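These are the structures, in structure tokens.
The two complexes that follow have subunit A in common; it is paired with subunit B in the first and with subunit C in the second.
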Partner chain A sequence: MKKNTRVAVAGLPVLTATLLVATLLMEGPSRVVASDQPQAAIADVKIDNFSFAPETLNVTVGTTVTWTNRDDIPHTVVSTDGIFKSKVRDTDEKFSYTFTKAGTYPYFCSVHPKMTGMVVVK
Partner chain B sequence: MNEKPKDYIDQKLQDLNNDGIDRRGLLKCMAWAGTGLVWTLSGGIPVSRAFAKGIDKYGSKDSNKGAGFSFVQISDSHMGFNKPANPDVEATLQAAVDKINGLASPPEFLLHTGDISHLSKPEQFDKVDQILKSASAKDVFFVPGEHDVLDDNGKSYLERYGKNTSGGGWYSFDHKGVHFVGLVNVMNLKAGGLGSLGGEQLEWMEKDVKHLKHSTPIVIFAHIPLWSVYPEWGWGTSDSAQALGYLKKFGSVTVLNGHIHQTMQKVEGQVTFHTAMSTAFPQPQPGKADSPGPMKVPAEQLRTLLGITDVNYVRGQHSLAIVDLPLG
Partner chain C sequence: MKGIRCASLLSGFYGPMKGFLGTNAPFQADLNLVIQIIMAAALIAGSFLAKRKRYRAHGICQASVLILNLLMIGLVMWPSFAQVQPTLHKVFNRSYFAVATIHAALGIAAELFGLYIVLVAGTNVLPQWLRFKKWKRWMRAELALWSLVLVSGVATYSIWYTGLFR
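What follows is the complex of A and B.
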């Protein structure tokens, strides 16, 4: 009986290791992280001098884009297709939106409509 | 029917092209005056007159009470703005009121052509109302700027200033024979666009002026210029041509705007366009900076670039006399 137990106990770490390796192989090249959510991507747009920079931003699905107003005049961020709309943002205030679907998202400042930008989500 | 006979000299003035003093050049000079000397055009010929209501063209005191009247346009008070271009917009608005109260000829009312507040906040509107209470003229007529209709599509602006207005806050009124029309061109702006009046307002305006006599002087006031000052910066209104079309029959049309925080003037036939200075901060001239934002100048210069506009109507004269008065 003792012999069998020793074998059984010895076999456990081997089994665990095998399972771990198998998991790692299945996950592919991504890191192993504590939570089971994929790590969120972020991107920034700077608002300054009555313009959005970069004017066209390319991001991946699931990215949260944050607009920061560095201008000395308030602006807004409003989707031309009615998908997102910020309240007015004064200097140093921010607005964020997470893009969950692929597509092109033109937007503008509703206070100064000549200010336009685009987010391209792939 | 030709209400205004074509004056031979007037015709000649209009035909001149960058040669001598044509009507356009004269009015550029008018805008520089600002010192109390008032030039008016009478049948196309410039006539100087002392800057006081009640003095007719022969220099004698006019005892006729109905000879005319004056009013003052103020604009772009941006209550709540506190950046380096002007850390104290309350003080400069008060200085504007002091200027109004110091006029030799007290205005009968004020027109505020918008951007009353900086962020559409109730306390900002309250502060402007409070400061204007100390003006000699007790009646103030407002139209909104884009800073007055943030976040709520003008709901709080209309709650405060929308009595007796239609739609987005447009309205008209008559004063001593002059017809005033307040227009709103800062709502429902489209991406990449300019100021916009919209179909509903244009329909209303057409009806509003339709039955007025051609000899009625008309004053239009709105925030964003109703002429193409500098489209690259949004300084214009996409559908203003239609509005101006309804005014073709009138012998005297004056269009008063704000938004650009500097004075600019243009004459086109019977129509005089004029923009006012801000009482809060100056902005650069078209194309002279990267963007049309607040322009910082040395502290001692600030008040020379802020100001009010005094407008005189003299009965029987075609055009209103417009004088810009800086605060310092």
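What follows is the complex of A and C.
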């Protein structure tokens, strides 16, 4: 009985160490897997006071960009190359577009052509 | 061809161009504002022509302004107004839509009233019972209405493109 107890006590640190190593080994690969998985990226552009903020937005392929009109007058978001075009967005209304190809996408507000912005997709 | 291209430019067919007055307005809105101010000056000049009894020149001047304004309504003002999709709820709750709607209502009234005056004064197409005789009163009323339209138009431009009165 005594011998069994001694074996159990001696085995406890070994068991703990084994569990710790096992846990670390399990956490390691899972972290790698998590970072490898493609995530649905999102980015926001605020429209306010006759401007887009940020004026130039850098995103990765697959990112959905949402423009929100925080101004008290209507605006639009129109791609210079005709790739995307929103309807008139009034205060607090949004427009989203998902960029599936790398490139540079200049855009403007068709109501106020002086308002310009750019999305750079890498 | 040149005329079509010019009209297309005004309506933004080739994409909206930036204005030249330094505000956030598109080219056609700036051009419209300048033309409206010139037209107002022409109407005042035309009224002086009537005072000097140069009625033919007076008629040509006022009728030309009226026709040019009709073009500006069709090519610039109405498309701009329709673009922002005004609704009754917005008109009654937002100065942005309210001022433009007041301007549109006054503008349509002034244009129709002006066309009526031109038809009465310059043609014989209207029957006798639709014709008036107190020329001065009707034409002064039209000039006063046109002034209100101009003021509300400048206010609309200011709210829409400069952010004033916000």
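Here is the rule we go by: the second predicted complex is superposed on the first by the 85 of 122 C-alpha atoms of A that agree within 3 Å, B and C clash if a C-alpha of one lies under 4 Å from a C-alpha of the other, contacts with A are read in each partner's own complex, and residues count from 1 in each chain.
Keep in mind that, in the parts below, a contact is a pair of C-beta atoms (placed from the backbone, for glycine too) under 8 Å apart; a residue touches a chain by one contact, two chains touch by 3 or more.
This one's a predicted model, so the numbers in the text were calculated from it and none came from an experiment.
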Clash or fit (per the criteria above) of subunit B with subunit C on subunit A: clash
First, second, both or neither for A:T100, with subunit B first and subunit C second: neither
Which superposed partner A:I73 touches (first subunit B, second subunit C, both, neither): both
Which superposed partner A:N49 touches (first subunit B, second subunit C, both, neither): both
Winner by number of subunit A residues touched, once subunit B and subunit C are compared: B
Partner chain in contact with A:N58 - subunit B first, subunit C second, else both or neither: neither
Which of subunit B and subunit C A:H112 touches, first, second, both or neither: both
Interface residues of subunit A shared between complexes with subunit B and subunit C: 49-50, 72-74, 80, 87-88, 90, 108, 110-114
Residues of subunit A that touch subunit C when the two form their complex: 49-50, 72-74, 80, 87-88, 90, 108, 110-115
Sites on subunit B touched by subunit A in the complex: 83-85, 118-120, 146-147, 150-151, 189-194, 232-234, 290-294
Residue ranges of subunit A touching subunit B (in the complex, touch as defined): 49-51, 71-74, 76, 78, 80, 87-88, 90-91, 106-108, 110-114, 116
Contact footprint of subunit A on subunit C as seen in their complex: 12, 15-19, 23-27, 80, 83-85, 90, 94, 96, 159-161, 163, 166
